[in-house]
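Each of the next two complexes has subunit A plus one other chain: subunit B in the first, subunit C in the second.
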Partner chain A sequence: MKSPFAISTPVFTRPMLLMFVVLGTFPLWGTSVGLYNYLGVEIIIWIIYALGFNLLLGYTGLPSFGHGAYFGIGAYAYSLCQLNVFESVWAGILLGAFAGGVAAGLAACFLSHRRGIYFALMTIAFGQVFWFIAIKWHTLTGGEDGLLNVYRGTLSLGPVDVSLKSNEALFYFAFAVLVVITLLLWRIVHSPYGKALQAIRMSEMRAGFVGYNVWLMKWSVFTLSGVIAGLAGSIFAIAQESAYPDVMSLHASGFIVMMTLIGGGFVSFWGPVIGAIIFFVARDFLGSLTETWLLWYGLMFMAVMLFKPEGIAGVWQDFMKKQKAKSAATPTSQTPKNSVAGE
Partner chain B sequence: MAFFEAKHLQKRFGDQVVLEDITLSFEAGQLSGIMGPNGAGKSTCFNVLTGQYKPDGGTVHFDGQDITGLPPRKISGMGIARSFQIMTLFDEFSAIDNIMIALRNTVTRAFNPLYDLPGDTTTMDRAADVLAKVGLKGRELEQAINLPYGERRALEIGVALASEPRLLFLDEPTQGLGVDGTARLADLILELKETYSIVIIEHDMKFLFRLADKISVIHWGQVITEGSPEDLRANEWVQASQLGEVA
Partner chain C sequence: MDVILNLLPHLVNGLALGLLFALIALGFMLIVGVMELINLAHGSLFALGAYFAMSIIDPNLSYFGSFGDWYSALPLALRYVVALALAPALVALVGMGLEICMRRTYGKKAEYGLLLTYGAALVIEETIRITWGSAEQVMPIPDAVSGAFFAGGMIYSNYRFYAAFFALFMIIVVWLFLEKTPYGATIKAGAHDSEMVRALGVNLTRLRLLVFGLGASLSGIAGIILTPIWGLRPHVGVDVVIPAFLIIVVGGIGSFWGAVIAGVMVGLVVAFSGAYVSEWSMMSMYLLLIVVVTFRTRGLFGKKSALEN
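Take a look at the complex of A and B:
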């Protein structure tokens, strides 16, 4: 007999397909509502970055305030590969992801036995160290100017080569990467690993006593999110045709935290997606009205944290719960609140 | 050698000696109790035995193997589980997920991303069985934080049971329970006693005297006496202290 409590994890879900359809068709409708393809590229890059970041923040409850470092290192690795080694998009992004992972893995060796405020402070320290290296190591990174004239390159797909020169082509490439990353992360968070990460968030001590190697789990999740940040960073380098230290700074690292929180990364897998979209739409929309758009964005962030710390996804979940309670004759108090999986 | 044996354990925090010289042994198939007044070092002793603290001296052996100073996850892997005095549940998980995440089967597959944990019938059935064992049948989908206090206490034990321990440590399981709750918990522990070797630290002497086969009394960081409940009732020191009165 099938256990009444076993619910298999679907490979695709409705919110996932919705995201794929809406974002995947962006070049078809984006321009007609006044948006542009490059914005789509940026949004996709930051969604990838934010999804990986949320594995750390939302799932494991580990606040990293220096994550821009791994994003930036990915961008540098990609650019260095194109400029000095050989021009291959695939090699570049693999190297970018690898470099992000190595740097994050290195930092995680010193972070993984920490928690709470000490963990947070250490992530800032490491972020600053990497950022400082990027600024000062002129011969490798080009200092504050960064590495310029990185070719957009050609993507070889077996028999065909696709030029990434146009933003549209780059968009579809980034979107394909996003699809892969989404499916991968969705699988991971529903595996024992993902569940154990959440268990660590709720009680690190108990997770250890139950038998989990908490140190290794924290190390590996930090490294994994560094890999994804590095991957996103290398696509960013393609988009920007350059790599520069600005994205590694403390305030750039703060953006990813804000996106993840506004969207509702603590209560939903899709929180970071919503957050990244809101950030860029706000930047363009508010930015067209006022130069001080960040002030307004910051105030919005504060309002969300004060009144609905679960973010936009939290508002949506409350709304759906109310709808469900209305439609059901008997209130369904038995419905479990799914901690973070957010279907 | 006994099933579980600690010899000459010492533990200091700074210049404060909490465990002076503790020698304890627990037999398989028995329920052993540890009692003692507040500040006697019971909890520290428990934390040293289960790996939360490393002892400054002495040895701990479990089933013939030296486990002195091993981290909790290793000790857990060898078949020792514990519950906590201050409830330590995975609050946002449902009751059944609290058990599911603690099952040995899940822990050993922690790094297998292809395993669909929530969809595994065998795992979920096993988790439901453990919940039923601690009297939480029908509460599977309730979020842990929303369970009433007594049921949270039961779930606390359930999480420990999930790892299929050979030796179960319970840290003040009656903490905060009323008379009814304590009576129900005693029944549950009597049932568990059939299958598990158990060690309990307890404040509630009546509770412990009813359940235990053997009780060790800790005071001033030492084991001052041990024996069956009957022995202890006859013991001069226990009679002289308040501990005897309640018993």
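Take a look at the complex of A and C:
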């Protein structure tokens, strides 16, 4: 029963199309501005990861500081599948997403009735447990070196087989996954389920009083976010041709939090996208100038946290608001902008 | 009987390790108890304390001419004592600087403070890398506490015992400070109800600055005592901050003896699991955390805290 006055969420919006166009054409213009295709692959992988992470952090308000674990587990699952079971890329990726989901679901059983800082602390503990297992279980994971013999297989698309050997082919594959994930997550956050998640962020207690099963919602969103992290991790294993425990460390888990927040995950769906792009461009740009680029990135992060916790998306929204106020003040106002577009 | 004799060395080891863990957690506990702030820069301040101490013990004084020669000729033990007093004070200054940055996040969600200290940890660690290099270094220790002794067919390192006794000493000093001095009373009152404390005319801004400085200097002291055992490298902070908050969560936020008991528990668990499944010894503490928190949400001695919201 849909009310005729209900605000419907468009499937595509202007920022979404802008992102698809800019990122989708990256191999065409990237090299001419001094970037390289592999950077594009990395950025796409981390955007997928960050979008899934923001479902947890930005929408539900649950800070996870051990999310690298599920990303890493996805990478290991893909590698193990390719080395021991199937060579199919599809099977590996599905298994990677599944493994990320299982691990996250298991952790979420212990996490979902925690709140605030206790939740954050427990996510670190679980992240460390998984990281430790990855380092110590030599026979399965190859210890600190990881699994090194992964190769970029061929992707079967019905009648055609595409080799993922070149970075360009891998880029378009990762981009296709990103499009699917973006549309899916956009749908989810604007569904009743997504609204309920935001209600949990506002006040967990009230969401419970209204009748939502808060425990189940927290469990499911954590698991879903783990599935997406595992998916991103399995593409990462293809890109790196290996799986190793480094991405599961507390450091790497911190990076995804920083990316999401610098971009503005608290106020915008697109925050993590901006944040991931900035992180990798900063890494390459600052990294070419100084060996200690992390110092400058850390200072930038501190400045954002201090002066504009809403991140870059927050700055943009303030700017748009000011513009709107200006154009409203003058009599020749333009047509009102689509409110979703600014989101 | 044989079993007990076999277990005894592990028990001693575990107790010593536990006291060290408790020492690490002290500064962290003070800050989280009074300011309800998870200080993720704790580990970096720990490393900073150790690096400061190393530079004070064995400085590069070629610019200072005769003063440098005079200082280098002093006995190592004296320089060590100087470092033990001076380095934590320097770390306290850094901590106070951090606290001044933190002020903007007060009154917001606790996650903001946590994230800001995470950024600070990154910055401090990179600064250490620039200043002292990435390679592992050795902190010189006086002869009086180095070496080893034999007992019951096992070799014990002197330094471990010195460190454990020092940790015990620090725990008692901090406890006396918190329980028996008017400053301690104010700090505890601030942890209990900061609004009321302010209404009574206490300068809360200064109190927080003091507590943060004190907490930072305690992490610095822990760094000086522990890095001769664990090695001194820029990322030693990460290895330290996690046990620290793990101990706080197991012990319960805001409980002094909870932190000490949890530290000893973690030490014992690590030592015993190290004796039988040495590969996995560091993981046992996470399992301890998960077990404890599953059955006791607020840790062993925790009280309700604002951090849960």
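In the analysis below, the second predicted complex is superposed on the first by the 325 of 343 C-alpha atoms of A that agree within 3 Å, B and C clash if a C-alpha of one lies under 4 Å from a C-alpha of the other, contacts with A are read in each partner's own complex, and residues count from 1 in each chain.
Throughout what follows, a residue touches a chain if its C-beta (ideal position, glycine included) is under 8 Å from a C-beta of that chain, and two chains touch if they have at least 3 such contacts.
Source: prediction; values computed, not measured.
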Q) Of the two partner chains, subunit B (first) and subunit C (second), which one does A:261 touch, if any: first, second, both, or neither? A) second
Q: Please work out whether A:206 is in contact with subunit B alone, subunit C alone, both, or neither, and reply first, second, both or neither.
A: first
Q | Touching partner for A:140 - first (subunit B), second (subunit C), both, neither | A | neither
Q. Is A:110 contacted by the first partner subunit B, the second partner subunit C, both or neither?
A. second
Q: Tell me which partner A:148 touches in the superposition: subunit B (first), subunit C (second), both or neither.
A: neither
Q: Applying the touch criterion given at the start, work out whether A:124 contacts subunit B, subunit C, both or neither, answering first, second, both or neither.
A: second
**Q.** subunit C residues within the subunit A interface of the complex
**A.** 38, 101, 104-105, 108, 110-112, 114-116, 118-120, 122-123, 125-127, 129-130, 238, 242, 245-246, 249, 279-280, 282-283, 286-287, 289-290, 293-294, 297, 307-309
Q. In the complex formed with subunit C, which residues of subunit A make contact?
A. 63, 110, 113-118, 120-122, 124-126, 128-129, 132-133, 136, 249-251, 254, 257-258, 261, 292, 294-295, 297-299, 301-302, 305-307, 309
(Q) Touching residues of subunit A toward subunit B in the complex: what are they? (A) 2-3, 5-9, 187-188, 190-193, 195-196, 198-199, 202-203, 205-206, 208-214, 217, 220, 334-337, 339-340
Q | For the subunit B and subunit A complex, residues of the former touching the latter | A | 50, 52, 71-73, 76-77, 81-82, 84, 88-94, 96-97, 100-102, 104, 106-107, 109-125, 127-128, 140-143, 159, 162-163
